[in-house]
Amino acid sequence: MEPRSFTVSYAPHVHDGSSTRRIMWSVFGALVPAAAVAVYAFGLDALRVMLLSTILCVAMEGVALLIMRRDPAACLDGSAALTGFLLGLTLPAGLSNGIIVVGAFVAVIVAKQVFGGLGHNPFNPALTSRVFLLIAFPKQLTTWPVPRGLEDIKEYMGLAVTRTTDAVTSATPLAAIKEHAQRAMPNIQLNDLFFGVHTPGSIGEISALALLLGAAFLLYRRIITWHVPVATLATVAVLGGLTHLANPAKYADPVFHLFAGGLFIGAFFMATDYVTAPVWPLGKIIYGVGIGLLTMVIRLWGGYPEGISFAILLMNAATPLLDRYTVPTPFGSRKPDKAAPGQAGGES
Amino acid sequence: MELLLLAINAMLIGNLILSKFLGICPFLGVSRRLSTALGMSMAVLFVMVLASTVTWTLFYTLLKPLHLEYLRTILFILVIASLVQLVEMVMQKLSPALYEALGIYLPLITTNCAILGVAIDSIEKGYGFLPMIVYSFFGACGFALALLLFAGIRERLETADMPKSFQGAASSLIVAGILSLAFMGFSGLVPG
Amino acid sequence: MSILIPILVLTGVGVVAGVALAYFSRVFYVPEDPRVDRLEEILPGANCGACGFAGCRDYAKGLVAKNGDVPPCPVGGKAVAEKIAEILGVAVADVEDQVALVRCAGTRDRATTRGTMVGVRDCAGAALLGSPKSCRFGCIGFGDCVGVCPTKAITVYGGGLAVVDPDLCIGCGLCVSKCPVDCIGMVPRDRRVHVLCNSRDPALVTRAACKVGCIACNLCTKKDPAFVVASNVATFTGVTCDPEVRFACPNDVIVHTDHTSVLAFVESEAARADYEAEKAVFKEKEKAARAAARPAREPKNAGEQP
Amino acid sequence: MTTQANPFPGGIHPAYRKDLTSGCESRPMPVPKILVIPLSQHLGAPAKVLVKKGDAVKAGQLIAEPAGFISAAVHASSSGKVTAIGPVELPSGQKGEAVTIETDGAHEWARMEPISDPLAADPKVLVERVKAAGIVGLGGATFPSHVKLTPPADSPVDWVLLNGAECEPYLTADHRVMVERPDRIAQGVKLVRHIMGVSKVSVGIEGNKPDAIEAMRKALGDAGEVVELPVKYPQGSEKQLIHALTGRRVPPKKLPSSVGVTVFNVATVAAIADAVIDGTPLVERVVTVTGSGVNQPGNFRVPVGARVLDLMEFAGGYREDAAQLILGGPMMGRAAATDDVPVVKGVGGVLVLSADELKNLDYGVCVRCGRCLRACPNTQNPMLLGQLIEKGLFSRIDEEKLRELVLDDCFECGSCTFVCPSRRPLVQFFQMAKGYYRSQQKRKG
């Protein structure tokens, strides 16, 4: 029999079939329910913002890769699209196109490609861009259009609704609580926060139910682990509870803090971004607790109504330190619990 | 309670590096390795607290009675310079490895605007002795916090294949920019 | 007169500080050798680490610590070695000016490959799986040496073979230690003749693996004793030799850099063509010379015939 | 009493595909025309050759003696004439010295004479016999067994473990040995207990081989206890098996004897029994021929030194879309460039994958998903190590004290590379790091 020639490659020769591309697009899919609620609540404007930011991010990454003489097809691996989609979901529905272009540029170029693209960026690109826009365009980033069905209301949670020629805008639940706690406190409607269809806020954050649906999918497919979201939500709940007990008139109750604002989209989709989160379980828990803590500090005593974006960015900065100091002891490293030889027993 | 708010202000809101943009050159220079960043933070902590105390006492015992407040800056620089010289000698004797690793950046502390900034700020804001100590101690802790976070990120970026033009200082400055962006979240945290 | 007070205050504090520092500098005195700085100035500053130290400053410290008993600085060569000797006041071993040479001519069409290698991006990885070529000593061609060369003197050409440009090479030797199959060697810069093979396998295995492999047939050593055969491969030890010698090699492994550069000899078809032409001419001349010598012996053979 | 196996962290569940051959009886392979017997089929120094070109040899005759303390003897697998001694392509992809024998088909034996009443014989005689028979660990590590049977004085052994886990997918060689020759293994166990003066013996067998567990329990009786292990790769690796059966943890860089334990593969113990009771040296082993590129998968008793192409011809040949030949299992086995390589003592399987089963091999950048960290049975840091080695930052590896972990603890089981979504060749990075540090040692030493 003639000797045959074969293909040579490295062991192991089998693979479990997972791929980064599929993971990125699964997370993209998990966000679709939240996007659907947003389109229902804010109409085509929300669709425009989301589509524009996703397409811009992918296009800009493609161009950047071309300029750096790298394979431009990499921009279709889902990470740029996911960044664009996430960015779109955290912006108010009525945002003008120009700001979205700037946002996409900051997210893809400044926060990611500068550091060498996927896998090397120290900060979450979508959030870096959102914080940048929030600070660069404070006015446009805090005009929240009123969702469908509330156009003719006069007051929302005790705050007057401003009516201009082209848009009707109102405060978000968090903003209402921050400025006029006493007046806004009694008219919190929890099921509004839960279903989110009638709550003003940024596109993706309003419906807690839709986000929880996507998160359940990610947890089931083990794309994210429970450590970060649970640690974050628990810390927010505990702090919310303590402050509410201490001074119920001034501080809202923990359930409100959980369901209001961008906590769910932050904890489940932003904080669990592989590249910028710690990798060890202990590190993830400390990271989650840190995010919860900073979010509440900013929400309760800080200058901005919503602290989740700043909190995640700050903890992103701490990730390298967490990775270095929370490494579990390797399997063999514990002192050998060696039974003295000759002893018949020897523990099992 | 007052001191606690002052401490949080010095460490987070008014962070020397990321909010007041003081001491940027050691921030960029020494943060290549986490170990040297730690060493530098300790050196800056020691010099800052010592310098603030010495300058504060000198100001209120010597300059104020003689109405020579305008000599403040020159005198402070003189004091800081000699203090740094002292620290350099001590460090060369006690831990030569760290002295070698810090290299040029140790004498650089003399011209470090963070230390001079804190010294003058304490006088400017009319802090008493104890607030001045708290302010300089937590200011240095804020400096250390920013430096360590930054060193951790830079060490991680070592494995990144950044485009040639962004390697080294360029990407570090961008990281510092984003870091200070994040620190802006604390603005308005403590009144006044 | 009020100007006097500030002057007094300042000089006062200055004097106090000065005295304190003088006292402390005695308490914390640490000796440091001044020669280290002078040595560092004369070193090339390439920080290439070829001397085994972490950069030139570290090398200067090593020189002082071991009083010159350290490997010579290959990049600096003779000039730097003399200056070191002068500063340290010690005789330093003379440094031969060397350059790197890839001892392999087995391009993809001349060497046989084994299996098809997939998912491999560098020589070190390929060597793990056993080289893609049947000859395990030949240049793998993924360019690990290119990456490590500080002066970009090595390039991998179309045929999958690394070639060193002697003019750019500073002789630091980093590529020699990087090559997983050790087929890069250091040769004196002025040597004109090279044997482009590194296969220590016996003749049978080498012939099966490569058309241009050295099978240690010793034909070249007969022609010029400067060729030395050790463990199944010939190496040239002299500076130059009679160009005719290279035609003695049955597998065309010897290159004479006065006629064709190593690159041309390996890569370009044109250089190969006129090498074959020259060889044919030489073969004709040799056949004619041998024929001329034969008649002298003819009668003897004729005599023996019964 | 069946004790509960202690779990180990990490580990993966690849498609085991053992059903292809687990039921097939192992068929003896006729002696091929040519035998290529390498001198280095074991851990440690290659053996020193004793025969010359042209010598006639018998089956079982010693053709190379162990050189040095850790080395092993090599025997001719059949009678014939030595035709060549020279470098030959080995399964590992490197080339090595080997003795080529042209068999005469007579298969005339030259066995050692059997030891009568071995359980009363002096242990030293038995160890000498194991050394003379050239017996090495057949689980794949090929560590010379006579060295294992004589642990150093300062770390005595009180517990002998038998590795019947065979956690590598596709392979069923050990499974067949346990089902077909359990009593020979039991005799081997009694011999090992006698040689090492040890009373406690535990046999670890993965739960997906119930018939093997049944057979071994019946054959061993009270000589040792059989423990059913959970089915998880790499359950069969030395440190994981020791922890599973005894709860003891072998510290890094240390041998199992440091915690009073020694591990033998079931086939090795059977070979020890053959050598002592019948006097036959290690010249034959069970090999699984399997994979979707093979016409009839099956198990075969193959003479050591038979070339894979002869084995494949006897086993029914390849399908036309056969694309990759792997010696050993898919996780730790080596891909061979040609089938003109000999089956050596350490090869437990010949796996042929078809073209569409080939792993798609262009790898991307690490996105820090942490799956490799969870999969690693040693809870190490393949992610950071992969990144640092890929960039050649070896000084950083020393700084973060990862060097020992790479060199000593990582046994290249491949779990991390199996789960990596960017398909990064992490095992190859670790092998390159080991090569780099070894060459550095050579240059300094």
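Letters are used for the chains, namely A, B, C and D, taken in the order the chains are written, and counting of residues starts over at 1 for each.
To be clear about the criterion, a contact is a pair of C-beta atoms (placed from the backbone, for glycine too) under 8 Å apart; a residue touches a chain by one contact, two chains touch by 3 or more.
Just so you know, these numbers come straight off a predicted model, no measurement behind them.
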Looking at CA centres, what chain is most distant from chain A? C
How many angstrom lie between the centres of chain B and chain D, each centre taken as the mean Cα position? 60
What's the distance between the Cα centroids of chain A and chain B, rounded to whole Å? 33
Take the average of all CA coordinates in chain C, do the same for chain D, and state the distance between these two points in whole angstrom. 41
Chain-centre distance (mean CA atoms) for chain B and chain C, in whole Å, is 50
Shared interface positions of chain C, touching two or more other chains: 114-115, 118-119, 125, 128-130
Sites on chain D at which at least two other chains make contact: 93, 334-338, 358-359, 361, 425, 428
For chain A, jot down the residues that touch at least 2 other chains. 5-10, 119-120, 323-324
Draw the chains as dots and join the ones that touch; what shape do you get: line, ring, star, complete or other? complete
Listed in rising order, chain C residues that touch chain A in their complex are 114-120, 125, 128-130, 132
Where on chain A does chain D make contact in their complex? 1-16, 18-20, 22-23, 77, 79, 117-120, 225, 274-275, 277, 279-280, 323-324, 327-339, 341-344, 346-348
Of all residues in chain D, those that touch chain B in their complex: 387-388, 390-391, 393, 396
Touching residues of chain C toward chain D in the complex: what are they? 114-115, 118-119, 124-125, 127-130, 136, 177, 180, 201-202, 204-205
So, in the complex, the side of chain D touching chain C is made of residues 86-87, 89, 92-95, 334-338, 358-359, 361-363, 425, 428, 431-432, 435-436, 439, 443
